[in-house]
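Got a structure here, written out as structure tokens. Questions coming.
Here the chain labels run A, B, C, D, E and F in written order, and each chain numbers its own residues starting at 1.
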Amino acid sequence: MPVPIEYRDAAPDVRAVFDDIKRTRQVADVNNFWKYLAHDPVTLRRTWESVKEVMAPGKLDVLTKEMLYLAISVSNGCGYCIASHGAAARKAGMTEAMFGELMGVVGMANETNRLANGYRVPIDPMFEW
Amino acid sequence: MPVPIEYRDAAPDVRAVFDDIKRTRQVADVNNFWKYLAHDPVTLRRTWESVKEVMAPGKLDVLTKEMLYLAISVSNGCGYCIASHGAAARKAGMTEAMFGELMGVVGMANETNRLANGYRVPIDPMFEW
Amino acid sequence: MPVPIEYRDAAPDVRAVFDDIKRTRQVADVNNFWKYLAHDPVTLRRTWESVKEVMAPGKLDVLTKEMLYLAISVSNGCGYCIASHGAAARKAGMTEAMFGELMGVVGMANETNRLANGYRVPIDPMFEW
Amino acid sequence: MPVPIEYRDAAPDVRAVFDDIKRTRQVADVNNFWKYLAHDPVTLRRTWESVKEVMAPGKLDVLTKEMLYLAISVSNGCGYCIASHGAAARKAGMTEAMFGELMGVVGMANETNRLANGYRVPIDPMFEW
Amino acid sequence: MPVPIEYRDAAPDVRAVFDDIKRTRQVADVNNFWKYLAHDPVTLRRTWESVKEVMAPGKLDVLTKEMLYLAISVSNGCGYCIASHGAAARKAGMTEAMFGELMGVVGMANETNRLANGYRVPIDPMFEW
Amino acid sequence: MPVPIEYRDAAPDVRAVFDDIKRTRQVADVNNFWKYLAHDPVTLRRTWESVKEVMAPGKLDVLTKEMLYLAISVSNGCGYCIASHGAAARKAGMTEAMFGELMGVVGMANETNRLANGYRVPIDPMFEW
């Protein structure tokens, strides 16, 4: 089973990504996700560059993006991602009351997605614009 | 295959729900989802009451809730729900540029959820608070 | 794109499976699923033998088994499977009122599965027996 | 990480739901799922009212409903839900032999759902009624 | 509903990506996926750069990569992706007999994934290395 | 909670399957998956016969089949299956560098599957052949 690669043991290309993560996020160390991805420096670099671009504030603010990320992770049942993006969303300003409402939406969406499947509901012309 | 139940053919308990949907959403007619659920008046009523409660503005505004709903529907691949909640999110103020960023987050979350699974990344103690 | 393989065009090993399906189910022709699987006679035979064994009445009756099959297909969003197992469940005795209750369970299970994920609920000792 | 809310620490609105769960199910205490949902009393109440309505005996009996719930939970890979609804289904009368047949159906449905996807099987006209 | 953006109507940043796709894949025009993503030039560029890097021959050859991509798309039930990566895998050398075996693996993996979930099988120490 | 059934405690029909697994795979003992399935000898036998047929070398070699199996298991988030088929793929010759590329494909496929869903991309005529 792979072990996490710590900064002190990392090759220069991995260290460069770790440094950029720490600088961008203002953290003292990277979290386990990146230490495991470090086994594949190409995927490490590509994934970090993509996450950095996608999660930067733009037309959507960071809090909204982190809540979307968390909602998908809850829906998919990824334990690590629920923990890490739950922490990130809280850090970005999600209160427990907001988390409660987010969970309500995730639950209902998963329910009505199946109701629409099962009743084989055809798309209304007005939704086709 | 079930057919949609139109207002003119609906029983009083179904009409009551349709009326509340039309009043709450300020629309002239309900969309197909409700016309199909009407085959089961108990589920129709429960689902509408739940959706109304969950999607009302609270700690999260309506736009954020609709974007979360859309993101889950895209992730689950529910064609009807993508169309109907895509329309609802746009009506609530989602621009095409915001949709583009939302899709970026949905895509990356689905990617990194699998990277975390496959590398069997253990949860960092700092995420356990 | 593959085309369905009709009985008249089928090789003997495919015909043998088609004959067994028709005999077991008392139908005049096999449905499209089998006509497409016929492109791979090994998978056709294995899948049919497995389905026949799994769906035979045992400790669970045929109606219960078809409803379970339908519920999974709805949850997974498989359009073909919803149509074909919806028909099979109705043939086995599922009324529209039963279908409505089944859909209610499928919806709630998909909702509460996500609530349990998101709140990271630990398993109660009493459920570990 | 949220902690479970025990009855002694719960607010009156949460206690009211806990009391109804204990009365309805004839249990001495509620299971963890409800103790975590109690962080959001609105979702707690809505989810319990919905589960109570959906899982009450109707056109489908309680055992069939619990088996459907369990089958979806297994298919979705929700560990908590497999444990809790596995216990509930057994309490409602599911024997280990019945569980074995249920698992056979869940497995085959997940297999053939993908075979239908991959071969892009068109729906037979007879299934469109 | 978004319309595809054709080369003649595309902005320079979109054209640059389209040109690189056409050059890399030696095709006369890009397929619809890219024409829709073109509504969001940032996601278009990032997605293409990532796909190009991931799908280039490396320790795994192109055929193996395309079969993995197809297998995931079948498992997820993404209709567009099954069609496009089915075509790509065939172009890279996948015969119909190979597709049949791939489908057999996808089906069995989806089946046994659920059997492992439902029986709550603990990981063998020898798999933890 | 079921316990694993060891060879010494197994009935003759279970022992016969265990013997065939050990002989086919040249292992001293079967892994937990089979010891749990042994609670249902019919499913044990059917699952083993199917896995044996599907995973035998054919038009695809064993390494490719194990990598496909692993990719699906990662995508579905089945912890046991990721561990067991990760071990099987490595035994069949998958290096860590190959695993890294496999993970890259699994991640991108899960991302672009959602991009295709969300943009509701229509299938190109050239993919319909």
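In this section, a residue touches a chain if its C-beta (ideal position, glycine included) is under 8 Å from a C-beta of that chain, and two chains touch if they have at least 3 such contacts.
Note that this is a predicted model, so its numbers are computed, not measured.
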{"item": "For chain C and chain F, chains touching each", "value": "A, B, D, E"}
{"item": "Turn needed to bring chain B onto chain D - CA fit, degrees, nearest 5", "value": "180"}
{"item": "Most distant chain from chain B, judged by the mean position of its C-alpha atoms", "value": "F"}
{"item": "Chain separated most widely from chain E, comparing mean CA positions", "value": "D"}
{"item": "Equivalent interface positions on chain A and chain E, same or different at half", "value": "same"}
{"item": "Distance from chain F to chain E - Cα centre to Cα centre, in angstrom", "value": "20"}
{"item": "For chain B paired with chain E, centre-to-centre distance based on mean C-alpha positions, whole Å", "value": "27"}
{"item": "Computed distance of Cα centres, chain F from chain B, in Å", "value": "34"}
{"item": "Two or more partner chains touched - positions in chain A", "value": "1-2, 39, 42-43, 46-47, 50, 53-54, 75-79, 83, 97, 100-101, 103-104, 106-108, 110-113, 115, 117, 119-120, 128-129"}
{"item": "Category of the chain touch graph - line, ring, star, complete, other", "value": "complete"}
{"item": "Contact set on chain A toward chain E in their complex", "value": "1, 42, 46, 50, 53-54, 128-129"}
{"item": "Chain D to chain C touching residues, read off their complex", "value": "1-2, 31-33, 36-37, 39, 43, 47, 50-51, 53-55, 58-60, 64-65, 67-69, 71-73, 75-76, 78-81, 83-87, 95, 97-98, 100-102, 104-113, 115-117, 119-124, 126-129"}
{"item": "Touching residues on chain D, where the partner in the complex is chain F", "value": "77, 96-97, 100-101, 103-104, 107"}
{"item": "Chain D contact footprint on chain F (complex, rising order)", "value": "2, 39-40, 42-43, 46-47, 76-78"}
{"item": "Sites on chain F touched by chain B in the complex", "value": "74-75, 77, 79, 82-83, 103, 106-108, 110-115, 117-120"}
